[in-house]
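Look at the two complexes coming up: chain A is in both, with chain B in one and chain C in the other.
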Partner chain A sequence: MINVVGVKQEVPARRSWTKRRDAKAERLTGMKDIASGKVIPTGRIVEALESLIVPGDRVSLEGNNQKQASFLSAALNQVSPEQIYDLHMIMSSISRPEHLDIFEKGIAKKVDFAYAGPQSLRIAQMLEDGKVKMGEIHTYLELYSRLFVDLIPSVALVAADKADNEGNLYTGPNTEETPTLVEATAFRDGIVIAQVNELVDELPRVDIPGSWIDFVCVADKPYELEPLFTRDPRHITDLQILLGMMVIKGIYERHEVQSLNHGIGYNTAAIELLLPTYGEQLGLRGKICKHWASNPHPTLIPAIESGWVESIHCFGGEVGMEDYVRARPDVFFTGKDGSMRSNRTLSQLAGQYAVDLFLGSTLQMDQYGNSSTVTSGRLAGFGGAPNMGHDPRGRRHSTPAWLNMMTSDEPLARGRKLVVQVIETFQTGNTPVIVESLDAIDVGRNAELATTPVMIYGDDVTHVVTEEGIAYLYKTTNMEERREAVAAVAGVTPVGLQHDPKRTDQLRQKGIIAFPEDLGIRRTDAKRSLLAAKSVEELVEWSGGLYNPPAKFRSW
Partner chain B sequence: MINVVGVKQEVPARRSWTKRRDAKAERLTGMKDIASGKVIPTGRIVEALESLIVPGDRVSLEGNNQKQASFLSAALNQVSPEQIYDLHMIMSSISRPEHLDIFEKGIAKKVDFAYAGPQSLRIAQMLEDGKVKMGEIHTYLELYSRLFVDLIPSVALVAADKADNEGNLYTGPNTEETPTLVEATAFRDGIVIAQVNELVDELPRVDIPGSWIDFVCVADKPYELEPLFTRDPRHITDLQILLGMMVIKGIYERHEVQSLNHGIGYNTAAIELLLPTYGEQLGLRGKICKHWASNPHPTLIPAIESGWVESIHCFGGEVGMEDYVRARPDVFFTGKDGSMRSNRTLSQLAGQYAVDLFLGSTLQMDQYGNSSTVTSGRLAGFGGAPNMGHDPRGRRHSTPAWLNMMTSDEPLARGRKLVVQVIETFQTGNTPVIVESLDAIDVGRNAELATTPVMIYGDDVTHVVTEEGIAYLYKTTNMEERREAVAAVAGVTPVGLQHDPKRTDQLRQKGIIAFPEDLGIRRTDAKRSLLAAKSVEELVEWSGGLYNPPAKFRSW
Partner chain C sequence: MSVAYLFPGQGSQQVNMLHHLPDHPVVQKTLDEASETINESAILLDSESRLQSTVAVQLCLLIAGVSTARVLETLEVKPDMVAGHSVGAFGAAVIAGVMDFKDAVSVVKQRGEWMEQAYPKGYGMGVVAGLPLKQLEEILENHTTGEEDVYFANLNSPDQVTISGSVTAIKRVLASAKEGGARKTEMLNVSVPSHCPLLEPVSENLASTLNQISFHRPTIPYGGNRTARALRDPEAIKDDLAFSVSRSVKWHQATSLFYELGARLFIELPPGRVLTDLSCRAFPSARSISVSDSGLKTAQVLINRMQQTQ
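This part shows the complex of A and B:
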């Protein structure tokens, strides 16, 4: 130890620098009788987990919002809580009942997550009852990045389509977050266990190298996969078509939006299905919506077939779209075997930094444009929306749409990302969507979160679109004007009713508000007949029979 | 084609959906006589490039700021400009003369890049002379993300340590951006060519699967690798030690900064070398600076050895640190073969989203805290600084430091990332660093950039540290107060001289400014004797002989 002049220095005891590696080696010894090489027999998975996991471990369990390591989560739910307890779970999505059952049983104690859609009521209740210790709520991308900093896992439980005996993995179209979870764990002497649908001699392609994987186990049934991004055009309303027309004319055309991400919902499905019809009438093909960071939405099929789309990079796959994607390699990312390559981390990155626009919906928006899907009693998490729905201030390259957001000619002025919220002012059941103040404030307080769980902050929102019109929030110059602009399109919600019609006229004249008629759109033209496909059956027809919708979407 | 009621619809001609795949297959036919399987003989690389690349191609050429695909860039510089011309180059770093020579020869025409440090004067001149068509200047992360959206490459030229005959690659400690460049190209039917230092039968581990790689070629000499992150402690001045003490006491301790990224420079080297001495005196071990997203800086060795550092995830490797990193797997990410795993994309992501603080320096800062390394006649690009040096508004999780930046108790208030600029008010040669207005404005105008090339925007900066003191900019409430806070620590620069001393007193009382004495730091204590290592030789000693510095840093 170097002697530092004038400074008292404690000489640390000789320490080991291979504690993690040694701990792993020790855990692996118990596996000699259980696994054959890297392969764990299906029936011995619970035993294997009990051998490989120790109390207090940080366990990364793959639960994307689509692909679920469902065999491994079920197995984890069967380990002995006397042997394995107090786990710190990292799950991008809390989707399945056993994701929370393990907390009821004491197997797990603390959770860091990004999304809890299907379990949002139950987790809120469990938090209140003290059955779950909350880590933090993240977006996908920040959760992934913490896996390399201060949430490095001891164990990763992931899912793949196929493995070979060396542990090489084929994830096929549903690569999603698997490589990222594996990389964070494998390169810090953690233990990586992959469930696979089958074990084969030769893989169609290698998505994750075997030297990153410790064990594979053939699942009792294929991993669960949710068709989360499929919307049946049958349910798209005339109102949603009006919203879609306004978006195409008043935002995509006006700002020359060439690359984008669409959140999930009927509003975005409507826009996608209007491109080959209304968009074509406006002569916009080749000018807007060319590059996408999104899942392979079935409702994009007509736009793809009509030559609108140059490229789509996908977060994950979509059930039923496999053959269609395989037949359209000029549009989608595909591997040498012909099947799609997705990558949730890189697609979120693209959705953050590389696209002109994010467009999404919300359950609640306050009078300043702040929005949240966290409403009373529900802790839904954020998923990817806040990551894509903000102005990435680290961006330095420009595009026409980005530059179009500049409202100043100061020398240091810059463009910004377009963040569009499309909402109908009322939900079904007469609940106003635009409110004075977000429910999320109380939910956050009750769950003792450090900050209110806001999905998208109002100062990141550039446009709000309702059935009343478009508020061009990026043109507002202060909070009061922003509030007035939101109120002007808030309809007969309490926020809207307080608005002074004279102010609305002024805002229209300043170009801060546009009504459909200001955009040259007749409300009476907004009809379902404008949709390029009016049903799932018609989507199949557009695809030339290549799209193979899940049973629940088949009505013919 | 479905008939859409009421809408005229042009029926597109039957089109091919496999244009990219077909084009690739055609290019590959010419390789039958040149390559043996996936292996291109070293002497035939120019011929191979002429066979695989066509005019106008978008070519991604690996030039990280450290690892360079130098054999391939030299080969590209030798292709016939009559056969191959007008390439659109994508290079994260323009580092080598041939990176620009290819433009002089007409082989390439347009460039998208992130950093041009060593070639910054020449590229500015070539732009002015119309010899290069400028795409955009990016941060690394946004350039990578565009590879999946609107800058998808036709060809990728990358570098790895070793390959086997199936094209599997071992990148070892210098994985850097290689997997990202390859993924974007391989999964869009582009052509991936990797130069390798050697061809072996069995790889130590697989970093990139062979099914992603089309060709490998053994280079005539190992790829170039720059020891960019090595700073000799011998050159650290007393002034830099004072700055480092202020940072540790006035920022890291005060805000409880647990995870961070340090930019490159003597200021950051000083801080790293003060942790085991001054930081230890303050009792901060285990409380601050535990998790790092950074390169394996040799000046971090004493802090690591003293037990300060729990984890470091690295962008890339550092020449000479290989054995040391291999012996410290509890701190660094390492593979099964024992060598380090870096990943520039994931580390930039961690540096953006997962750490509390970014600390860097700049060549010029204006009176509002805007800064740029683009100064007169130099188009240096941005590298990674703007990505890490901004408040990532998509972040939703909290840490003590992040929450510590909250200045309001409004229900929707949030924390922010700490972005610290450490500067000496004058450069050598009496050039003021703090100026009224950035040179970058003129440079941007002359190069006809769409916006001024600002490195870090003032409204993202939370702290400015100079030899005068610390300006806590996050506490300022408007532009005028921010300007005054910058001026108060601007010393005898023109900006500093205009400042009213009475205002300084008020700002001190409000806690917006702190001088060393306010922090309990005596300027006379800031001595080189405080450094845990005062030379490269002492770093080697700290490392127990494991650090093996490059020849140019050996003075003993």
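This part shows the complex of A and C:
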């Protein structure tokens, strides 16, 4: 009691500082009859979810472009909508039909996500029909970070390979985003439920400690895993080989790129398969492409085997690469048990901040280098590409490539991350890739998004590579010059046709654009025979039989 | 994984298509029901001369699709979702349990008659392939004068659409599309400007006719032509059957939605393989077959296998 002269003060009611903890304890009481210790019987998972989740909860459901907590998402789709409704779902990726079924049933109402490629038409329709309330379309890192700020989950539903009775989890090569989702939930008194493929007495290693986990449940079948990063070299074209040669000669060699991330596609697969052949001819082994933030792409096997690669940190695993990775611990991050450890958050962070270069492709790019993969009527998001495809402005660790991007000698001048877009000027079906204005603008407007869904902003792009040549955009000094540089390599697209060919020579002289011949590359040399492996069989051979491709990639 | 049945629309008809249906009591029963409804022998509808009329064409398509789906049912296979292109939607509605087959026959017959009478001459349809939709949209806008209208009719794939309207306007659009780089521009051999607002009166007639017959809840989702939504409400399906004839058919979107809903096997009911070709191109990672080409046995085996795969 404080007495101030002449004023009578009342003491405020004592505030509770443990409301969240108390609420969690309250929820757990209902589980006594359902779970035995931390273990929920497989057949009682729906009942358990109904007991643990309350309407309006923020639920983090594990599911990215690779690993899916498919047993738990199916169970959530079976809870009673009378009992559980209006959930706010937080999902890296909306991939499975039931991810949206729960909105149709009213179990969930609002969503925050990073990628919805496999359900991109349906989510656009449901948004239009008022069946989904949109939070935001994030990038992976933004979504993960917000889990610790203002999107803290009440419940996390995650997937692991194995658990023991204490709730310790083994996530193995596919650790991916599990630790992040669990950490954000467990340490703010949320409830963490993990589906596991099996319950064992002893784990190969502990990826997530049991004290962070409230419940485990053995799934009726193993979690879904998509082999998303496998590209069959048979489909790589001569044109993609030309693009790859230009990248290696005109960018990787020129700027001494030592650490990098590759998006997934045939263009990047071509580059990876050219390192041991074309790269070797140029004498670049040990000088470029030594450190990678990327998944264990099977097309990296020949480069690894011929001594190009010193280290790879992975976002996730890749189906079929388990034994190969296990046998190459000098290159990959592995646990004491020998199997790989991935971490999506940390690898994204590495890809954003630590590497010299990001290289990817797009379906559409405007004349200033802004790019997007959205197509009319669909709402897909971009997952991790925007994280890696930009220049983190605060970076200061200097590498030759980063310093090489400096275009002034001002005392405070900084280097830049290299952001490279490799495109063929036309898609199949006569659709130009380089356009005057992005379809994304209409899509964003129709879906009433706060910002246009741009994948990579033009001002972050340092290089554009097309079958015509390379535009060194980082050298341009103003928007008009940037536009001209893009147009000069835009071929016979409408943007390219408007370009004044007289300006091309000036841009070439200034080194702002380069044609293959300027780089000493003969178009006729770009042949499939240059690929270190021309088929999945050859990748298996390079791996000494350790790579075990999924059935759909086996043609023999 | 799920199985979608696709019922083809006009353009897929073939002479003797009913005669080529399997020799099965269910086919005979379906033909008998149709004959009873139209007061003539349905099997005679598939001659070259009768197929000159859209009425016979539409009836033949309905009968061929429904009878084949019924034969598959006797083999104990059923789809998880259905969609039909244009008049094919009636077959889809029957197989989804939304309307009775005889009702469908009677409505489709009238639909054909109204369409035939709507624009005796000077109107038709064309097809454009290999031009981005956005570019074609601009061309259409430039050629719609108010007197001579031309519209999108069927959005079959991102680079294949049909257009409907007055023949002179269509020809102008086709010329501009060709100039703009289209791979293929052609007039279609039809005299009805289907799937555009010019057929609004047909829709009105259909709506009042459909209102007089009984509709049931579908047993499986029905893919709407007009909205490309998976419909489960009988009223919404009724609306789709009435109004799709005067609106664009969003076929690519409707089947894309099915893919997102888990369809990995698309089975096209007879006749032909027009929709199979579209699905093959749109969904390379799914399987698309036509019963006409592959036969009932193959369809049965693949459906069973697909529905057992999770």
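To be clear about the criterion, the second predicted complex is superposed on the first by the 542 of 556 C-alpha atoms of A that agree within 3 Å, B and C clash if a C-alpha of one lies under 4 Å from a C-alpha of the other, contacts with A are read in each partner's own complex, and residues count from 1 in each chain.
Operating definition for what follows: contacts are C-beta pairs under 8 Å (C-beta built on N, C-alpha and C of every residue); 3 or more make two chains touch, one makes a residue touch a chain.
Because the structure is predicted, anything quoted here is derived from the model rather than measured.
The superposition on chain A brings chain B alongside chain C with room for both. Residue contacts after overlaying the shared chain place A:Arg14 against neither chain B nor chain C.
Between chain B and chain C, more residues of chain A are touched by B. With chain A as the common frame, chain A serves as the apex of an angle whose CA-centre rays point to chain B and chain C; its value is 150 degrees, to a multiple of 10. Shared-chain residue A:Asp439: touches chain C; no touch with chain B. Of the two partner chains placed by superposition, only chain C is touched by A:Asn430; chain B is not.
In the superposition on chain A, A:Lys32 contacts neither chain B nor chain C.
Legend: residue contacts after superposition of the two complexes on their common chain; A:Ser311 is shown touching chain B, with no touch to chain C. Judged by the touch definition given at the top, the superposed model places A:Gln125 against chain C, while chain B stays out of reach. With the two structures overlaid on their shared chain A, chain B and chain C come no closer than 19 Å at the level of C-alpha atoms. Residues of chain A that lie in the contact sets of both chain B and chain C are absent, per the superposition on chain A.
Those residues of chain A that touch chain C in the shared complex are 97, 118-122, 125, 129, 221, 376-377, 429-432, 439.
Listed in rising order, the residues of chain B touching chain A in the complex are 2, 4-10, 12, 15-21, 112, 136-139, 141-146, 148-150, 152, 168, 180, 183, 186-189, 205-211, 258-259, 276-278, 280-281, 290-291, 293, 302, 305-307, 311, 313, 327-331, 333-336, 341, 343, 345-347, 349-350, 352-355, 370, 382, 386-398, 403, 411-415, 437-438, 441, 450-454, 457, 460, 529-533, 538, 541-542. Per the touch definition, chain C reaches chain A in the complex via residues 130-134, 158-159, 181-183, 228-229, 253, 256-257, 260-262, 310.
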